[in-house]
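Listed after this line are the structures, all set down as structure tokens.
Both of the next two complexes hold chain A, though its partner changes from chain B to chain C.
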Partner chain A sequence: MIDYQYLIDYFEEFPFLVQLVWRISGVLFLAIVLLTIYLKAIRYKLRKKENEHVTFKKEYEALLVEYLYAESEDEQVSTEQQSIILKLKNHLPIKYKRKMIISVLYNLMNEVSGEMAESIKTLYYKTGLIDYALKRLKNKNWYVIAKGIGELRRFKIEEAHGAVIKFIKHPKNEVRKETQLYLVNLFRFEGLSFLDDLETPLSEWAQLQLLEVLQKFDDQQICDIKPWLKSNNNTVVLFALKLAQIYNQFEVKDILIDLLSHKEKEIRICVIEVLTNMYGIEAKEILKTNFNELSIEEQLSFFGLLENLVVPSDEPFIEKHIFHKNFEIQLLALKILKTINIDKFMGLDKLPSNKEVPEMFNLVNNV
Partner chain B sequence: MNKHKIVIAEDNSTLSLLLKFRLEKEGYELLMAVDGKEAIELIENGNPDLIITDIMMPFVSGLEVISHVRNKLELEIPIIVFSAAGQEEMVLKAFSLGANDFMGKPFSPNELVIRVKRLLS
Partner chain C sequence: MDTSTVNLILKTLHYLFFIYAFSAILSYIILSIISGKETINYLKKKSFVNYKDILSSTMSPSITIIAPAYNESLNVVENVRSLLSNHYVNYDVIIVNDGSKDDSLEKLIEAYDLEKIDYIINEKIKTQPIRSGVFKSKNPAFEKLMVVDKENGGKADALNMGLNISTSKYVACIDVDCLLIEDALQKMIKPFLDVTNAQVIATGGVIRIANSCVIKGGKLIDVNLPNNLLIQSQILEYLRAFLLGRMAWSRLNGLLVISGAFGIFDKKIAIDVGGYDTNTVGEDMEIIVRMRRYMEEQGRKYRVTYIPDPLCWTEAPDNYKIFISQRNRWTRGTIETLRKHRKIGFNPKYGSFGLLSYPYWLIFERLAPIIEVVGILYFVVLIVLREVRWEYAFTFIVLAYLFSVLFSIVALYSEELTFHQYKKKGTGYKLVLLSALEPFVLHPFILYAAIRGNIDYYFNKNKKWGEMKRKGFTTEGA
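Coming up: the complex of A and B.
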């Protein structure tokens, strides 16, 4: 006790600044000790959770494999399978376990085909997991609804169509996107019927996702895309243009030519690109006539089209644009001229006006 | 009679377990690896009769496993490759490295058993 008193007296004799530094050091030391203990506790908790996760995952994986190989020829669901369903059902009320069961089922469903995938789907129904997913659709939070739709899509639950289609006009983009993916994944081209009266924009990302899904199917029999090409929603028109190009919809050529005069520049450029791929000779003639009324981007797209469709009779038109104000158009014009009339192209070297673009001439000459 | 030994390299634990269960039922001895690195160790030490490997795996890919078996260990063990949709180029690479067969995911485990039997007969 005397020793402590001596230390306190000794400490109090220090100047104020030194005392302050000691006090701050003490507080910081205490904070470090407390934080270290807290960190240890968190690490312990996380490790415990991880171990639990591994244990449950192994248990559910084993139950699933057992279920799949416990099929009986006599009964639709064997006694062994019924007991597994019951075991899994008992774990469902706990959200963490339910999520893990769903992930185990989905991980395998994604990798196996045929009867086995169907058995996993049956298990999804029999355990009542479908009811939890449908219950999510009634949640007031949009992200819960989106997740619910995503789950129904992954497990290919066609019966939920009526419950899911209601969200096609949901104010949240994420929910709409999930609904669209659900429809296309499960109902293929028929699922695209939502485009008929889609008022909200279909983002570029959503379009790519839908196209990716469609290309996975063996049956590539596309439905009628004409109504979408005439849609008032510009993003639907752009998506339909992509479909026309990918699925070679030659029968929509007339609509495509009409779209060359669409009020939206982006659509006009896209139409030129589509026509390039579908060899639209008619489009070439129309565009040649209206060339000066087109924007630079459209003119560039048109020259891209000409590269594939050029014929010797286009030579005067090309020659006229060799000295166009736009560098890229000049370059394309020179390249096209070289293709159709190499003598005339070589003769350009002697023209005095060519002194303005000698590098470009040399570049094209060396291509 | 000695059981045929099969090494399976697959990072999806549920699929691994399912294949183990199915192939063990057919009378094979299974050596399981969760990535290419483990698979190489098992191949070097286990002297298997067949290798089944996924292409995309952590640490060491299925292609590296095939290359190791064919070029470094100089073994002629049959190799079956799993590939997901859109990995056609990888499958071609796998064949050029020396794979004997491939199965695109999703696949039927029964079909895999048929292919295993054919390669081991």
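Coming up: the complex of A and C.
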């Protein structure tokens, strides 16, 4: 006791600043001790969770497989199935277990098809998991809403359309993206109608995701993309151009020709590339006439078009650009010339000006 | 000088050191708070991302991995295999053999069935000439691979050669000895495609230390904590830097450096600025500063982003000699870059880049070792003059030490809650213990290397890269 008093007296004799710093040091020391204990607890919890994950996964997988094979012909839901539903229902209030059941259900749904897939969907309804997902849509946190929409998409819950569509203009990008994916996954091209009045940019990442979803379906007959090609939202135009290219939308060729004079360079370049794929021979003369006004990237894209659609009458134009200042254009010009007039190409070897490009000439010659 | 003048000088110095230390600590606290928030935000957003879509999409943008190799014969075949096993549909790999004196090229030719092809290079950036030629594989399984054998010109020159050859929209510049996780490209390309309100010019990834980790077939199988105290300390240091620092700078759009070990760049911008600078040893930092400066001067909206996932694993120096040589080079690289672009510093024309990022790097990175050494010398002088007030000195030393330990533990805490890579039992205890030891086993050597770097920069201009001997990763069964 006396010792403590001595220490306290000693401490109180220190200047104020020293006392303050010791107090802060004490707090830091306490924080170190607490964080170390907490760290140990977290590591233990994480390890335990990993083990539980494996155990529960096995348990639920077995239950679900049992459920699928317990289907009886006369009853809609057999007694065995009812007991499994009840068992699962009891686990749902625990968030971690609920997440695990959803994950197992979804993985299983991806592995089966037809009646079995429908059966899993029924289970999703009967267990009440759908109610949890719909409840998430009412949450005020954006990530909870997005998770809910994602789940409804994965289980293909078309009935939730009305509740989900409300989020198509949500201020948070992730929520909008999940809504878009829900619509396209469930309603295919019809789901793309959100593009009609989309004001926010559709990122390239989102475009790729939507295209990947659409390409999983066999539909070759797509919706009318003309309004999107005329959209004021440049990202919508770019997305429509991708659709035009993938689904060979020859009927929009006229609009594509008009888009060659779009104010956005990225769109103009993309249009040339789409026209190349669509055999857009009509674009050739327009681009030839404006060639000098085009940016280098557009010129390069145009030469890409010429490489595919060249005819002998293009020779004078090509010849004019075999010494173009841009390396790639020069290389393409030489390649194209070789395809349409090999004699003229070989004749270049004798021209004094070819000294600037002997290596390129030799390379094209050897191809 | 009379006593009052000496006292005034001493008092001023006291206050200057105090203000510096206080602001450094405050900046660490602020940065770690921002980092924490940003990491949580990143993880929340990541939970919605389906990377499989980009994996299979033929419309995904093209990426070229450029990996310079110099005398990498020991691991080059295995490392290239790792690069070729990335899960991304639209990518290719260019290995630039930068005038290696060993049999790297021969090993690659044999392992990947390479043959020389006719190729002309569009020399948008001047580089050293081709030596043996350009090689492609006869085996369709390795169609993504191209090997370029050129005269030695250094890492920057080799990367420039890759930039000249690449036909992709984006380039991933990496060290050939790094191990990329299979989904690294999918994750790293996302910011380029996802950000719509600015142009992303570069994305950096976290670098993790692979010493003692088990690698099989170019893939990371098992993460282990090495026994070597120096490597352990570097692991802790990397965790602190990447988890508590860079994420914050990414949020503030103030990243000045993307590790040379792994970063993805918009190729057009990288070429427009003239590629990597071959006259600096800090080419990874310099190109980012130059790209940013270019975008600022053009008045274009841009971002340099950062992905906190552990995507790239590399071998760290396992002895003090090589470690000091590496840190010496990093110091010289920082000095060279900051000097070359000094126009940016405190210049409102460059916005937060000039008023926040540059000054921070100058004051808390460039000048930190100098101020620390001056502080130590000053302390010694005070001891000699018997002017030390020990109750103050001891108190502040304890405070600084406890803060450094706490900061490391926060980094460990952050690691556990996010990526939880060191899962094995007993590792957590070792890492906590390491937090207490690291100020003694690593920091003094970092300080020494930084001072040597300063001396070499000003008095030994001919010093270039320095030594970095690789031992190779631990492969399963080895």
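Operating definition for what follows: the second predicted complex is superposed on the first by the 312 of 367 C-alpha atoms of A that agree within 3 Å, B and C clash if a C-alpha of one lies under 4 Å from a C-alpha of the other, contacts with A are read in each partner's own complex, and residues count from 1 in each chain.
The rule is simple: contacts are C-beta pairs under 8 Å (C-beta built on N, C-alpha and C of every residue); 3 or more make two chains touch, one makes a residue touch a chain.
Here the structure is a predicted model, which is why all the values come from computation and not from measurement.
In the superposition on chain A, A:203 makes contact with chain C only, while chain B stays out of contact range.
Contacts of A:72 after superposition: neither chain B nor chain C is touched. When chain A is checked against chain B and against chain C, the one touching more of its residues turns out to be C.
In the superposed model, A:35 lies in contact with chain C only, and not with chain B. Once chain A of one complex is fitted onto chain A of the other, the partner contacts of A:113 are limited to chain B, with no touch recorded for chain C. Looking at the shared chain after the overlay, A:64 reaches chain B, while chain C stays out of its contact range. In the superposition on chain A, A:55 makes contact with neither chain B nor chain C.
Residue contacts after overlaying the shared chain place A:146 against chain C, while chain B stays out of touching range. Taken together, the two structures place no residue of chain A in contact with chain B in one case and with chain C in the other. Within the complex formed with chain A, the chain B residues making contact are 12-15, 17-18, 21-22, 25, 85, 105-109.
Across the interface of their complex, chain C is touched by residues 14-15, 17-18, 21-22, 24-25, 28-29, 31-32, 35-36, 38-40, 42-43, 46-47, 50, 143, 146-147, 150, 174, 177-178, 201, 203-206, 208-209, 211-213, 235, 242, 246, 327-328, 359-360, 362-363, 366-367 of chain A. Those residues of chain A lying in contact with chain B across their complex are 57, 61-62, 64-65, 68-69, 104, 107-108, 110-117, 216. By the touch criterion given at the top, residues 44-45, 47-48, 50, 53-54, 56-57, 59-61, 118-120, 122, 124, 190, 192-197, 391-392, 395-396, 398-399, 402-403, 405-406, 409-410, 412-413, 416-417, 420, 423, 425, 428-429, 432 of chain C touch chain A in their complex.
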